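Note that chain A is present in both complexes that follow, paired respectively with chain B and with chain C.
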Partner chain A sequence: MDGFIHQIVSGIASGGIYASVALALVMIYQATHHVNFAQGEMAMFSTYIALTLIQAGVPYWAAFCITVPVSFVIGALIQRVVMEPLAKAPVLASVGVFIGLLLTFNSVAGWIFTYTLKPFPSPFGEGKPLFGGFVSRHELGSTAVTLVVLLSIWAFFRFTKLGLAMRAAAYNPVSSRLVGVPVNKMLALGWGLAASIGAIAGMMVAPVIFLDPNMMAGVLLYAFAGALLGGITNPLGAVVGGFIVGIIENLGGAYVVGTELKLTTALFIIVVVLTVKPAGLFGKTLVSRV
Partner chain B sequence: MNLITSRYFPWVFLVAVAVLPLMFASDYKLFQFTMVVVYAIAVLGLNLLTGYNGQVSLGNGAFYAIGAYVTAIMMDKWDIPYWATIPFSAVICAGVGFLIGLPALRLGGMYLALTTFALAVATPQLLKYKLFDDYTGGVQGIVINKPDAPFGLPLNPDQWLYLFALTVGAILFILATNLVRGRIGRAMRAIRDQPLAAEAMGIDIAMFKTRTFALSAMFTGIAGSLGAITIQFVAPDAFGVPLSLTFFVGMVVGGGASIGGAIMGALFIQFIPNIADEISKAAPGAVYGLILIAFMFLLPGGLASLIRILKRKPA
Partner chain C sequence: MLLEVKSLHGAYGESKVLHGLDFVVEEGGVTTLLGANGAGKTTTLRAISGMIRTQGEILFAGRPIQGMATEAIAALGIAHVPDGRGTFMELTVEENLRLGSYTRNDKAGVATDLARMFDLFPRLNERLHQQAGTLSGGEQQMLAIARAMLLRPKLLLLDEPSFGLAPLIVREIFEILGRIVKESGLSILVVEQNASLALAIADRAYLLETGRFVMSGAAEDIRKDETLRRSYLGY
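Right after this comes the complex of A and B.
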């Protein structure tokens, strides 16, 4: 029983990270109907920036506060320079560019920072597990950070004028442009936000799985699975889906398929959701007019 | 009719160029050219699916892996001659491709890319899985022997293997060329460009899409078999995401919906990383990435379209 509770708790902790990346994916999907394959690699790159700062002697939270805006700028720049000209291009072109970005980030990171596994510090200390040994400090801390991020994103979209404009631009670009919303700027902002969320997720997951250029491949896959499970058209659904996938992954890994097939679990979830209920648990069923 | 202006000239020329390495290249160069043939078949397989039929696959490496493993297991466990394994791997891969094509029917564009990407990520894990250990050799993989030239031909194993791959490749290329020129090819392209109109014209979209998947898997699987025989070794980690993305890069660079593009793409993925590798271990990835982006912007039709553009211009 104790083991079971422990698996659930670590499932929630990793689920929070999948939820963040899933949210980043959904934000870009809503605005452009593209799934950003490079989201994970961008997060990995940001995490390396944070590590470089920390190794240069910058305190953890200061490095954190520098990395997030830097990632924001990188994300927004990519949208402006690379994605915007291809907004109307066929699927193959966007997939090609995303894969290109993925490969570039991956190898540039390998080039600059080498492919060796690097430990990444946790800001929450190493100390004893809390609450009767069920929760490690890092699990608790990273879940808290994730929740704060998710809540503030929600508040941003719900209560600010800018958030409203971004939602409008994603929902109906043509009408938004007519009422004066700078749609392209909103898209760049969305990319920046997505990159920042990814950066935070990367910094939270790196102490657990160690930092290397390929660390986000698995995380990205689980985030995809979470986003699809919750409904890729629904940010809240994607977050819930991320948590569910985290729990399924941990329980499945512990009791059903073993750790060797963990990634296959993600593939399985993706295929099942897409074939059985393509809209996800909370998503809108898309009806296209012909 | 003059030989140069004949429409068969490019193919005659190609065969002549393809046979040249047999006489002049060193064994290692020959090995590289054999791999070019292997990649060309795999890229052609992906091209049929993505270029001609518009189903974006980032997971064709999985079919390559299945083909490679079918050949390796049959040679290693049951001592079946290498050439006899190829029909088996073709049939098995076509079957698997057909089955994967069924759920793919329900996934449009981006979702299919995503699902096949997940397939590519999961492939090495599945190959390592304990239950199949007895057959696949787990993480260790399987070592197989290089075949000798039959009938006492005066060729060393590398030369024979190149000739063998070239023959298989030539047959597959002729098959694919005839296929895309005919009714089926037109249907495939119609589904890619205007699914609605295609359906209204009486094309059975589901049937064509799943069979194209099977066909693509078959081509890629045969490439996998040839690749396994050439490298004489299969191991799970060789068949991960990078392999699938390599095929994708080859297809984009060579040019989607182009038979000749598959050959140019294969030359690119075989030789450019080697050149880039001399700069840094990480450079091939960066070269792939930047070239992919550059092609999407500047030459979305790949190298094949460049040739078409140059031809059109008056001299």
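Right after this comes the complex of A and C.
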């Protein structure tokens, strides 16, 4: 029983990471109708930036606070320089560019930082597990950080003028321009935000799975499964989906398929969702009258 | 002169749609562009809003606006209700209206204007928290006009406000438009297939045929001239 509870708790912790990356995926998807395959590699690269800063003697939270805006700028620049010229290009061009970005970030990271696994510090300390041994300090801390990030993003989109304008630009760029919303800037902001969320997810997951250029490959797959499960058109659904996938993955790994085959649960979820309920659990089927 | 358009040429890719239009919109009052499907009415409005590339000259309050980004033109005070109404289907009615005032920072002014819109279109107030995509066509047209008015525009471009709506609703909407013009001194450039409707509220009319003007004049004169109406406007 204790083991079971522990699996659920760590499922929630890794689910938070998947939820963050799933949210980043959905944000880009809503604006461009493409899945950014490079989202994970961008997060990995940001994590290396943080590690470089920490190794240079910058305190953890200072490095954290530098990495997030730097990632924001990288994300926004990618939109401006790489994606914007492709705004009217066919789907395959964008997919090609996403894969190109994935390979570029992966190779550049390998070139600069090498492919060896590197430990990444946790800001929450090693200490004893809390609450009768069920939760490690890092699990608790990273879940808290994730929840703060998700809540702030939700509040930003729900309550601010800029958040509303970003949603509008994603849903209906033509009308947005007509009311004066600079759509291209909103897209760049969206990419920046997604990159920042990814960076935080990367920094939170790296202490658990160690940092190497391929660190985010599995995470991206789980996050994608989470986004599909919750509904790729629904940010809140994607977040819930991310948490569910985290729990399923941990329980499945512990009791059903074993650790080696854990990643297949993600593929299994993707296949099941796409065959049974392609819109996902909370994917809105848009109601409209003409 | 609020809007001056000189020898405007426009094309979608290879196919030319506008062949040198000259027209003006005076300050205050309603100007209408009439014409059949495919005459270039919508394209003319899109050209003004910078949604397509054009040659010629477009002056808004004496200032050339050609080549400017659509959002910058909107910020100058040109609101555009596009064909199909441009509703943000996924957002609520309230969010649609908030987007209308995106370019403004005067909260008090926005609140006053919003109250005025609820006065004119009480149904929007009733459906404030509803997803805009669930509104009827007429309600969406009202929402589109209210959204455009919240920009506090100097010039309002309306693309076929009667399109796809029941005659009763159309009459209601045009009656409200007439009230807005009278009260606010706003200039409206309205594009319509339904000539009798548009001529009833317009001061000046231009008749467009395949990208060229074939006639222009005071709306009243055209309304009264039966031969003109029969041969060009079909009513």
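Criterion: the second predicted complex is superposed on the first by the 285 of 290 C-alpha atoms of A that agree within 3 Å, B and C clash if a C-alpha of one lies under 4 Å from a C-alpha of the other, contacts with A are read in each partner's own complex, and residues count from 1 in each chain.
Simple rule for what comes next: a contact is a pair of C-beta atoms (placed from the backbone, for glycine too) under 8 Å apart; a residue touches a chain by one contact, two chains touch by 3 or more.
Please read these numbers as outputs of a predicted model, since none were measured by experiment.
In the superposed model, more residues of chain A are touched by B than by the other of chain B and chain C.
In the superposed pair of complexes, A:N106 makes contact with chain B only, with no contact to chain C. Shared-chain residue A:K88: touches no atom of chain B or chain C. Contacts of A:S176 after superposition: chain C is touched, whereas chain B is not reached.
In the superposition on chain A, contact of A:A168 is made with chain C only, not with chain B. When the shared chain is aligned, chain B comes close enough to touch A:L261, but chain C does not. Looking at chain A, you'll find residues 290 touch chain B in one structure and chain C in the other.
In the complex of the two chains, the chain C residues touching chain A come out as 49, 51, 69-71, 74-75, 79-80, 82, 86-91, 95, 98-100, 102-103, 131, 133-137, 147-148, 151, 164. Only residues 50, 54, 56, 58, 103, 106-107, 109-111, 113-115, 117-119, 121-122, 125-126, 128-130, 196, 241, 245, 248-249, 252, 256, 280-286, 288-293, 295-297, 300 of chain B touch chain A when the two sit together in their complex. Looking at the complex, you find that chain A touches chain C at residues 161, 164-165, 167-168, 171-172, 174-183, 284, 286-290. In the complex of the two chains, the chain A residues touching chain B come out as 33-35, 37, 82, 85-86, 89, 91-97, 99-108, 110-111, 115, 217-218, 221, 224-225, 258, 260-264, 266-267, 270-271, 274-275, 278, 290.
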